Each structure stands twice: as C-alpha cells, then as structure tokens.
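Below you'll find the structures, each written out as structure tokens.
Two complexes are shown next, each including chain A; its partner changes from chain B in the first to chain C in the second.
And now, the complex of A and B:
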C-alpha cells in the first residue's frame, strides 16, 4: 500500500513538473511611435477633371493630411514617402509585405480614389505588415470639395482601429481670434478644422467676445458678448448665423457651457457682487438656480452623464474646485492643494477633470480624478488657461500668452495642445492670435 | 478650608511640574529600521552562454597567467599587474603602442587605420565608463522603486524551479521582447488588461504557432482595448523572430507563455 502511495506521489510530481509551462512576464516595451507607411492614394485614370480642383494631386494631398494627423498624435511615426518601394496603384491591389517590412513599417495604408458624375469616391485599406493581413477596409462617397474631411475621417478610422480609442481628427475648434495692441484688442469668434485649416470668422469684431463653447450636437455655440454694456451669454447657430441673448437676467451672465445632451445651458449669473450658478432649458426657456451661496461660484461644467457638475468657488477663502449633484445638492470640495484652482472641465470619458492652477505666479494646466485625487500637472508657463477636451478625452487644447514688454509689445496669445500623459505639447497654427479654444465633438458621428 | 485648598494647589502644582519634567524623557525616538530588501532565489547557468570577444578572452588569459605567476614566484606584483583592467590608457601609452605596430608593419598601409581605431577606442572607453555609471544608477533607482511599490514579480523564482530556464536565459528573452513591443499608449491605465500569449517555437527560436489564451475575449463587445493590446503583443513576437532561446533544452522551452502587462508603462 505504502509503495503504491509513493509511486502515485512521484508520478504526480514528475508529471506536473514535465507539463509546467515557462511563463515570462513582459511588463515593459518601447514608447516609440508606431512606424506607419501611408502610400499616396492611387487616382484612377478614368476620373473626371474639375475646374477648381487638381484631381491628379488629390491622392497625395489626402495622404499628406493623414500623415500630418498621425504625426500630431505622437503615437505614430509616418515614414518618409521617398523610402517606399512599391507604387500606389499596385500597393492598393496587393501590397508586397516584404518591401514594406524592409523599411521597418508595421502598418500600411493604401487606397484609391475616383471622380465620376461630380462625386468623389475614396477607398482605403489598413494592413498589419507583421501578420500580413488586412485590418480594415472602407469606402466613402462625397462631393469632391469635401476631400479634406474624407482625409480626416480616414485618419479617425485608422486611429480607432490601431489604438482602440475614437479618433478626433474630423472635428473643429472654435476660438477667439485676437488682433491689435494689447490694450486695444479686437476679438472675433473664429472656427477652424482641428488641424488649423479652413478658418472662418463668425463675428465682425465690433463687440468683445469671450469663452465660446460648442454644443455637443455641433450646430450651436454659446459664448459671452456685450449687450447694452453688460456681459451676457449668447447663442449662435453656426449654420444659419442666427444670434440671440440667453435669458432675461437683470444682471450679467457669463461662463456658459452646454449640458451633455445639448438641451440646457449652464452659466453664472452675477448680481450685487455675488455670483451663483443657473441653468436654462433651451426648449422651455425655464431658468433654474443651482447654487445659492454668498461666495463667487462660477465656471460650471457637467459630467458626461449629466449627473454631476464641477465648478469653482471661493467659499473656503481661496478659489477651489467643487463637485455637486446636478440639482445643486451634496456640494463637495475636491481640491486641497496649495494654490488657486479654476476653469474645471469634465473629460468626455468621465474619469478626469482638467483645470488651471495658479501657484507662486506660475500657471499650470493639469488633470485629476473626479474625486480630486491623482492630480497631475501637465504643463507650466507664464500664463496659460482654459483647457478644453478633445472628444475622445485624450488631448487638451488651451491657450498661452507671452509676457508683453513696454506698451504691450511682444505680446502674443496662441493655442496649444497637450496629451493627457503630459507628452506631445504642440502649438496649433492659427491665422491670428488666439485664445479661449473649445473643441467640438466628432462631425461624422 | 484655606489650608486644604493651599495644600491642594501645592500638590497639583507639583504634579504638573513633575509631569512636565518627566514626560519628555518618556518619549522614545522611533526606531529607524533599514528597508527590507527581498532576496530572490534564482538559478543561474554554470557557464555563461555569451561567447567571449577575442579581446576580452586575451585579457582574461593574461590576468590568469599573471595571477599564477604571482602565486608561484612569490614576487611582488609588477606595476602592470596593479593596473585596473578598465583603466583608460593615457595618450602617451597609446602612442607607444602605435609605434610598435608601425615598426612591425608597412607604415603607409596601416597608418590611417591605426589612427582611426585608436581614436575610436579612446572615445568608446570614455563613453562606456560614463554609460556604465549611468546604468548602475538607473538600476539602483529602479530597484528602490520596485521595493517601494512592492511589485516585484515572482515569475523568475517560479520559472527557475518549475521549468529549469535560468535567469540569464529568461532575461535575454525578456529584453529582446521589450525592444520589439510598441505599447499602444492610448490604452486606459485603470483597466485589467493582461494578454497571455502561448507560443510554440522551433529550435531556432522562430514561431511555429502563436495563440492568445483568452482569444474569445478579443471579439467580445466592449473589449476593443484588449484586442488592440493582443494585436500589439502578436506584432512584438513576430517582429522579434527568431526569439533568443537557449541552445539546449529545446523540450523545456518548446512551449512558452508570455504575459503582456502594460499597466506599469501606461501609468508612467
């Protein structure tokens, strides 16, 4: 009996030993951007010629925009076109994977386009070069003048396929375009594509404009301007150009923002040195008071589910960030660090709140969790504020001002963007000086 | 009444004075213990698999011979033997060496080569020292950080006992894959994303078969981040082919599991 037990025991020990699989933990990798080759889209020979559009160059132009978009993310490294071995027309049919692997590419974008009956048809394919297989293939049809948007939509689809996150290229940014000396600034509302192209001015610059904010539905914009010498919240329909003052308030209203469903506007209303937070329903025009406190409550921003509101208040002495339920109950202070906190904005993902912090004369843009923990300061500068989230909650856009010399010389205000990791800080090109940016949601959603 | 009040005040005052005097002595300094450093049990191969470079081999042989000589002759070590092997040679010494070579070989042919190599060596020596210092510092910092975070993985210990793959072999493989794996930086840092990849390898380290252990999770709705991570892991091993595997013991490492965990990287 003993022998049998010993035999059984040794059998189990030996068999378990023999079957043990080597396990290796891989906890680190490289942070290098993914090398990607964007082959110029092949233009079909049967394509029609158009008067105001060079169809032959359209393939290269579209792929250039895709490359620029990828480069701006800091997550991809678009490889130089001169190194490509295979021609676009053949590459789109069947890429020679060895040729592309030779230039160290890990992903490849190929495609073709044609113009027929005044309609632009674009096809693209994304290839995984290490697995030698197709990852995604899509086709779009639109008017030929809309080719830039096609490039942005393709970028979004590829970005989503490779990172798992929604893209943010087919979006627009509204901002305040500034010109003139510092003490006599002319401020206009301006809108542009996220890459700085197609700038359009929405106001003439007769009145001061501040803090434009997009409606999540993209049709409307709310901002602050002056009405009978009082700062008031305005609504503007971008499509029709129709403007109106929001609500019949007896004092000044400011710091407006839309609710996540786009049906309400939340803003501050100031009277007799005290300001509180109010909402207004855009359909019923019903006004509702949210906070009632003797302190200055301002800069409200909804959480993406609409259940909570973050705002800043000086009720504890210094200006700090608070979170409350959307009906104004359960107010909770979330910042306790040294310095002043302002302009809180809830991330579209819901996990983070972006803010501006002022400490020892320096301005910081940072993010923290919605309970105030995990504060991370992403960038420090002489003057910067007003962060706005990209629709996927990955990138922040904000503006930065430079120190001005005597008589306002050397002063400038520019838009910048930064990844929430704190990497990839970039200046966004604008035609004029710019401030107060607000990022739209995806246009093609 | 006044007397008793008087005594009471005196006794209370005495108590207060005594307490004030004695309490500071009662407080003890907190014991400062050195941090606990965990000791890992690891199995290291008896002989290193890395072949010696010819130069290094010569130096080792030379050192061995000198050591032998010192023991047998009982003579004080010569000036040369005292020198550290990694000491940077002085420019004068280099010149001497060059001259010797010049004498031996055709000066016209060799001249530029010697100059090139000597300059290169000089630079290399300086750089390697600097880099080594940096690496050491980085290692120290990393080790401290790991102790602090209490995140020391136990896979090394497990493997060395369970499978017989030595630490140096495992490290070589791990280092190789580190270089090939482009971590998708867009992944959320607060989600459980661990991709377990099972590989069947050929003797030369190329991949015969690769399989994501939880592959059904890849096509589930709401698991797109998992899919992205799994694809990046597959890309990494394919890029790394052939994997750096030991020359012997094929049966042991024929099947291998790689656990890709990006959490540490994503948290920054």
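And now, the complex of A and C:
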C-alpha cells in the first residue's frame, strides 16, 4: 500500500474584510443558487516546468475543480468562462466590478500561482461583486503534487465564507468497490477524494470486505473482513497499510464504528445466534459489553459528545432505532412510525440521526431528531441504505442498488449523495460499482 | 354500446380467472407463507439428505419441513462420525447489510441448535453468516428472495 504523503500547508492570511452583503443560506433547499465566477488562476511566467505536471494548465485545472465542487453543492451556479471579461492576472489585482456584474455574477474568485524550487505557491481572493469588496484573500505553499488539495481547500474557504458553515471538499470517502456477478461479488476496500478523483484500492479482493468506517480524528479505518473465512472487525492504518484484528472474540464481530475521540471501536459481537454491542479501547485493549439482550442489537453509532449511542434492535419484534447512554443504561426506543428502521448514524453536529427506513417494499433515507421526532424522508428507492454524514452535517452519502432480472441482469450498486434539505440528489462517479461509503473528516483541520 | 360493455365484462372475467389461477399455482408449488417450499436450488449432502432449509422474512424459526430436513441431516451426521459441517446463514437483499449479518447468524444457529438436540456435538458444527452477500438466486423477485433466506449445511473438507 502506498504511503499517503503527509501534507504541510502554510497558510497566510493576506487580508480580510468583514461585512459582505452576499450570504448563502444552506438551511433550506436552495432554489436560487448564487451565480459565481471562478476566474482561472493566473500562472506566473517565471514558473518552473515539472515532469508529469503541466504547470501552464494548472491554473485552469484548479479553477475547474473549484467550479465542480461549487456546482455539486447545489448552492452555487458557476458561470461559463467564455463570458468572462477580464484577464485572470488583472482581475486578481483589482476586478472591474461593474463588468463582472454585467454577466450577472455576484461573487468572483481570482488567483495566481507559481512554482519555484519545487514548491507550489497559490494565492486566491474572493470578491463580493454586489458590495464591490474583497471578502477573503489567502495564500498557500505546498508541494506541486498537492494541487488538487489546494483546489479543495480554496473551495472550503470560500464555502465557509459564504455560508458560515464549515466546508467538506478537502475530504475523502472510503467505500467498497464491487465487481463480478451478483452471487459472487468481488469486494475491495477503496478510497477516493470526495469528488471521485484519485481512487486507490486498499485490498486485493481475495476476501469479502464490508462496511469500512473512518476514524473521525485520524486516517485510521475500521471494517469487516472475511479473512480466512472468519468474519471479524479489523483496524487499518491507511498511511502505513498495517492492519490487525480488533479484539479476540470467539465469533463474528461486525458493524464497527469509532467513538468520536477515535479511541474506541464500538461493534456487534454475535454468539450463539445473538448479537450484542461491545466496545474495545484501542489503547488498553479493554473490552466492554454495552447491551445484553436476547434480540439482535447492531449498527451502533455514538453521539458526537460520546455520551449516547444510537443502535438498531429488533427487541420489540421488528427492527427499530434505540438510544441509550454510552454505558448501556437508559435504553429508549425512538422510532414508532410505520415500517422498519435500520442503520442509525448520529450527525457530527449532534442534532440529527440519519437512518434507513423500509416500508411497503420501498427503501428510504431519512433524518430525525435524536429523540425520534421530526422524521423527514429524503429519498425513496427500490433499495438504498447506509447513510454517512459529511463532516459539516449537511450532506449524506449512501449507496443504492438497482432491481435485477434473471441471473442478476441489470444489477448495479452506486454511491449517491443528498442534502439534508432533501434537495440536490447526485450520483457520485466511481470507477467500479460501489457501496458502504464513509466520509472522512476535513483533512486540513 | 351495450355489446361493447358485455364484451368488456367478458374480458374482465376472463382476465381475472387467468390471473387468479396463475397466482394460486405459483403459490402452491413454490412458497408457503413466504417460506420457500420448492426444490430448485436445493442440493444434497447424501441421497435424500437436503443441504438447506428456508426461512420467512426476518424470521429464524424452523418450519416442520425444515425440521424434517434437519433430522435427516442429523441421522447422516450420526452415521458419519468423522464428518464436520459448517452451517451458513443467509438473508435476502431486502434488509440492511448489518442487520442481515446478524439475521444470518441467528438462522445458522437455529439450525445448529436443532442438530444438537439430535445428539450432534456442537464441536462438529461451525456457523458463519453471509448476510445478503451470497444470494443463490440473483433475481429481484419474491421467489428469489425466498430461495435466498436459507441456511446451508456444508461438509468441511
């Protein structure tokens, strides 16, 4: 496994002015996305050329990624470059606001970059065209191969400035890459940038792997592997490629997730036909039983403060969602609606729980408050499940499978995302079929 | 107009009869409740000893037909004392992946427990759940789903 390069970014705040007029409201479905012009970054003529990297095109490539990120939010409408009226280098110094307003832009991104001594220096500015003001200006220095991350970090900074919320572009998604016929699927762990770029496969597909989940505080992953035909929860360090079995359980462990501080793994352990919830401290290796019930208890997920756990149980007869204190006390059922519920997962903001609901042969992804009130179903389909939150708690990624004909004809599994407003449903492009997505935290936090 | 109406009624009755008969034959030969009762996907451990039993949606209880199959498996295992088996538990694709893993484990253990009541040592039976990962019929139909809700007893080589 390739080592993931540890990135060093230097940030310089060039200047910043407050009190801009434009602001994007992301709390409701945005029917009127903000028109934004992303001027290609100007490439300084003195830049060195590098092997395997076309420096001349770097400016336009970075701005294309920023545009793609903005478009994917559904909150911004990146305007066509052909309509731009000012050269990138001149616009970056001082835009002619009235010219940009003429093409109906309300915000403008400008920037420049240079490569010297194998260092990439990028500077960008965000302009409020309505108020004719600069909103932010930042510069970064990093290695040139990190240029995609630069584009994502710039996107995050602008998103944060315009929405008042943390961004989610400098993130990755780990998932299960699928291939082969439905009854003999080959499954591999795969990781990619949030926008689908830079896919890497972390396992070879020799054994079945399922449900990878990111550690919220570092680049560790926990997942289920059928290595040697013993389904067990594993821990994988994606920087070193080192992996190990979690605990020494005499039976199947599954449905793993990290605690919010990343120090524990919570999971189900199945023995003699009964699944209960356990935790293991990754430092002390201490194993703790959290539930003890003759029903199935699975899919546990911590609240972001670590004080509560939501989980899935059929103790009432059919699958429902329950919440308890993190020591297993005070178990309360929170779902009472028609249908069955599964895969509860607590929002990183703490306010909502996302879930899968099955009713009358249809599968729904929804959100509700952590006491079970305010249920909102976001999307209905033949089969979809396993939502995972964006680090800012605004977007869910999940997987969807199609109905198949004889011999599994027409079967496919794909990743999708949707805003918690219920708007902006999008398919995420992956090299292969894909399932079980898990969204990382911001990498540059 | 009247003729048209009569004709329509005749067609309706004809259609209803056809639909009803199609429905009832399908049910009779393939499933009871929603437990698969056919033999299309069934394999044999030995002559007359079926390798699998089927379950209702979300359930792990054994039907009388299942118990009969398992009694035959137990007899076969008693005769072949050196033989060990793995019981695989499976679920259909109409549930979440994680719950199905638990459900498959519960089904496999229901089979293991029943075999043990007929004197087969638990040491000879290992269980593994595949959840919805290994369907025997890949089609998305109620019939396929009923064939996939199963436990399969496999000889350990």
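Convention: the second predicted complex is superposed on the first by the 411 of 445 C-alpha atoms of A that agree within 3 Å, B and C clash if a C-alpha of one lies under 4 Å from a C-alpha of the other, contacts with A are read in each partner's own complex, and residues count from 1 in each chain.
Convention: a residue touches a chain if its C-beta (ideal position, glycine included) is under 8 Å from a C-beta of that chain, and two chains touch if they have at least 3 such contacts.
Note that this is a predicted model, so its numbers are computed, not measured.
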Touching partner for A:306 - first (chain B), second (chain C), both, neither: neither
First (chain B), second (chain C), both or neither touched by A:229: second
Partner contacting more residues of chain A (chain B vs chain C): C
First (chain B), second (chain C), both or neither touched by A:180: neither
Touching partner for A:130 - first (chain B), second (chain C), both, neither: first
Touching partner for A:211 - first (chain B), second (chain C), both, neither: second
Which superposed partner A:164 touches (first chain B, second chain C, both, neither): first
Intersection of chain A interface sets (partners chain B, chain C): none
Residue ranges of chain C touching chain A (in the complex, touch as defined): 58, 60, 93-99, 101-103, 105-106, 108-110, 113, 128-130, 133-140
In the complex, chain A residues that touch chain B: 17, 20-34, 75, 106, 128, 130-131, 162-165, 351, 394, 421-422
Complex contact set, residues of chain B against chain A: 153, 155, 158-159, 162-163, 165, 170, 173-174, 177-187, 190, 198, 224-225, 227-228, 231, 233-236, 238-239, 252-253, 255-265, 268
Footprint of chain C on chain A - complex, ascending: 181-185, 208, 210-211, 224, 229, 231, 252, 254-255, 268, 270, 272-275, 296, 298-299, 312, 314, 318-319, 342-343, 356, 358, 361, 382-383, 385-386, 401, 403-408, 411, 435-436
